[in-house]
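One chain, chain A, appears in both complexes that follow, with chain B as partner in the first and chain C in the second.
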Partner chain A sequence: MKTLLIPAYYVFFKDTVSEFRTRYAFNALLLFVVTTISITLFAFGGDTVSSHVLAGIFWIIVFFSAMSGLSRTFVSEEERGTSVTLQLLTNATSVYLGKLVFNIVLIFFLTCIIAVLYQILVKDFVVQSYGIFWLTLFLGSIGLASASTILAAIIAKANTKGTLYPVVSFPILLPLLLTLINATRLAMEGAFFKEAVTDMQVLISYPIVLITVSLLFFEIVWKE
Partner chain B sequence: MNAIEFSAQEISKHFNRHQIFENINFTLSFFSTSTTSNSLAIIGNNGAGKSTLIKILAGILSPTKGNVAFSINAENIPIKFFHQHIGFVAPYLQLYDEFSGLENLLLFGKIRQLEKSFPLRAEKLLEQFNLSNAKNSLVRIYSSGMKQRLKYCAALLHQPEILLLDEPTITLDEEGREIVYEVMNEQRKKGLLVVATNEKEDIVGIEKIIELGKG
Partner chain C sequence: MFEKLFLKISITIWLTIIIVVGFVFPIVDFPQHWYEFPLIPGLEDKARNIFFHVPMAWVTVVAFVMSMVYAIQYLKKRTSEYDIRSVAAAELGMLFCVLATVTGAIWAKFNWGTFWNWDPRQTSIFILLLIYAAYFALRSAIDEEQKKATLSAVYSIIAGVTVPFFIFVMPRMMKGLHPGSKGDSEGAGPVLEFKMAPNMLVIFFASLIGFTLLYWWMYSVSVRLKRLEEKV
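What follows is the complex of A and B.
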């Protein structure tokens, strides 16, 4: 286990330091967040919008922001020619785990920024059950990262990386996004935790399935 | 380190329907008591498949047919652990531009979980390749020759049993070439060496030669 986790930690460390120095993914994500929230605000005007629509738009912003940044973890390795270096340094599982944790941290940080901005700027977006809301954000981040990490590894090998990523991700992330929208709506409507249990079960089982499948297939994706 | 065996058995590689090479066979072995047949040169025209073959030997590309076998003291090493025993230098292998030369080596040592004294070895390698003065500069500002030297430091950091070199002296000046030839000679005394090149000077003293794209 140590032989997997220590290299995974240093892969995560490398990506984090690299991101702090280049700010490639973070800047792309932040720019997307600011742009989409601004457009949303202009579109709403002074109208009152239902909680279902607001929750949907919130996760649309998170989804497309994530798509514009999360693929960088593998695409930049491929574009810069460092993926061969990484293959020669450690085993595939450690690379996957390091990249997965990096993506979880990045997407959770991003989701928190979006949540705070959204609550400040969109007057109808009022959360009443903060427990459900933050748990949804946390589990949603893990779910989004677990799907986007393996998909990023796959599309990094393709020629049309930019357009392929959201297209391939959408059908895989759809069940997750629908659940996240529903759980966020419940949080806005002040639901009790027991009403959100089914959604939470889906949000917990989704990354478990995705991460298990990814661990089984990552080596094939990574090496070829 | 006593006995190392490295062999390719009927390796073929196709990309879609395009055949790159077929039925490549060789065996390299190193015993602490004798050093015969422990180096191989892969030569051939551009596009003959030298880099493809060396990537297959490194375990980063799968052959269409055949397999690569590697053992240390008669214990087989699975292909997914080849990276622990292989040092690899190639023009298409890149280091992390946003880290300094020393940071790259320290990071590689930590990912490889090397023993605690590896930073000292990293410093020594940087000195051997005349990079000590630039060790704290970002790799981004290194010249192509300096990057090539740093790749050697990275490849030798974990004291690999097999050294795989693709175009070993590309972009290097005269001094750099001399250091590389010294490293190649040293490697032949303690392990196995595989070189893919078209430069005649690079294969002086190498026991076996495979020419790709011939017949």
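What follows is the complex of A and C.
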């Protein structure tokens, strides 16, 4: 266990430090978020929009900003040629766990920013059950990161990295996104926690399934 | 050689009989002869779709599972034979997936009023189409043969584990028009109790077998072709 978690912590630490130094992913993501939110605001133009649509647009913004940022973790290793060094220095599972935690933190941070901006700027987006809302955001971040980390590792080995990533991720993430949209809508309509239990079960089981499969197959992808 | 010819001819005859029977046998109010189908209110002649649409969807799922199983085999044994089998199954799966989607959509137009209404089953077959499309997009983006085979095998496994979410979970959460959706009086779930008339049931299962054999034949031809291509 120690031989797994300590290297994983260092991989996470390395990624965080290099992110703080360059702020490459974060700046791009922040601008992306601001751009998409302002476009949606222009498009609404003061009209009243239903909670279904608002919840959908919220997760569209999260999905595409995640897609533009999360692939960096592996693509940058391949581009800078550091993946071979990392392969020599530590085992595959630790790399996966480190990158996974980094992606979860990044996407959760991002989702929080989007949530706050969205609540300030979009006047119809009123959340009534905050418990459901923040739990959805938290579990949603883990779910998004769990699927996109292994897919990013696959994509990093392909030729056309940028365009392929959303294409490959979308069908895998769709069951999660539909559940997230449903849970967000429930939170907006002020549902009790009891009503959101089915959604939460899906949101919890999805990352468990994907992280398990990723742990089994990551080494094959990583060593390819 | 003769076995293959025999298989080919018998599948042709088998499916011809099913197509003719499926379209020609009359649907009447009170069936008295073995060849008459009972009338189902609201479905009428549109009920015949079940002989073709459901087997196509079934073959799609069979092909998807086969592709995934061979992907796992490939990762274990690392011989191109399993990659060939996995791709052949995926290609045919995509073909039957399109066929099932189209037959379903046309049927929905006449029975539910629109070609598409995001019923959970329609959503799940749409996701399946997207998965196949992404699988082939991924394959075309990698040049090196071995890398292509390995990465697409892992992708098809990852896609495979998410399938239960939209086949078993989503239809129970969302209201839909297919049998087995949430709100269906006969209970939710992918496995339904068959309430078809016995003669329809016989033809339905005969069609299921026929389509599966057709798939098997197409699959074996495709695998042989790919083996030859690899040699050249």
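Annotations
Basically, the second predicted complex is superposed on the first by the 224 of 224 C-alpha atoms of A that agree within 3 Å, B and C clash if a C-alpha of one lies under 4 Å from a C-alpha of the other, contacts with A are read in each partner's own complex, and residues count from 1 in each chain.
Here, a residue touches a chain if its C-beta (ideal position, glycine included) is under 8 Å from a C-beta of that chain, and two chains touch if they have at least 3 such contacts.
Here the structure is a predicted model, which means the values were calculated and not measured.
Of the two partner chains placed by superposition, A:L41 touches none, neither chain B nor chain C. Applying the stated contact rule after C-alpha superposition, one finds that A:V167 touches chain C and leaves chain B untouched. After overlaying the two complexes on the shared chain, residue contacts for A:T3 are found with chain B alone; chain C is out of touch. Of the two partner chains, chain C is the only one that A:V202 touches; chain B does not reach it. Contacts of A:V53 after superposition on the shared chain: neither chain B nor chain C is touched. Looking at the shared chain after the overlay, A:I120 reaches neither chain B nor chain C.
In the overlay built on the shared chain, the residue A:L31 is in contact with neither chain B nor chain C. Across the superposed pair, chain B and chain C both touch chain A at residues 224. Here chain B touches chain A in the complex through residues 58, 60-62, 80-81, 83, 86, 88, 90, 92-99, 107-108, 110-113, 154, going by the rule given at the top. Looking at the complex, you find that chain A touches chain C at residues 147, 150-151, 154, 157-160, 164, 167-168, 170-172, 174-176, 178-179, 182, 198-199, 202, 206, 209-210, 213-214, 217, 220-221, 224. In the complex of the two chains, the chain A residues touching chain B come out as 3, 6-7, 10-11, 13-14, 17-18, 21-22, 80-82, 84-85, 87-92, 94, 219, 223-224. Touching chain A in their complex are the following residues of chain C: 75, 123, 127-128, 130-131, 133-134, 137-138, 141-143, 147, 150-151, 154-155, 157-159, 161-162, 165-166, 169-170, 173.
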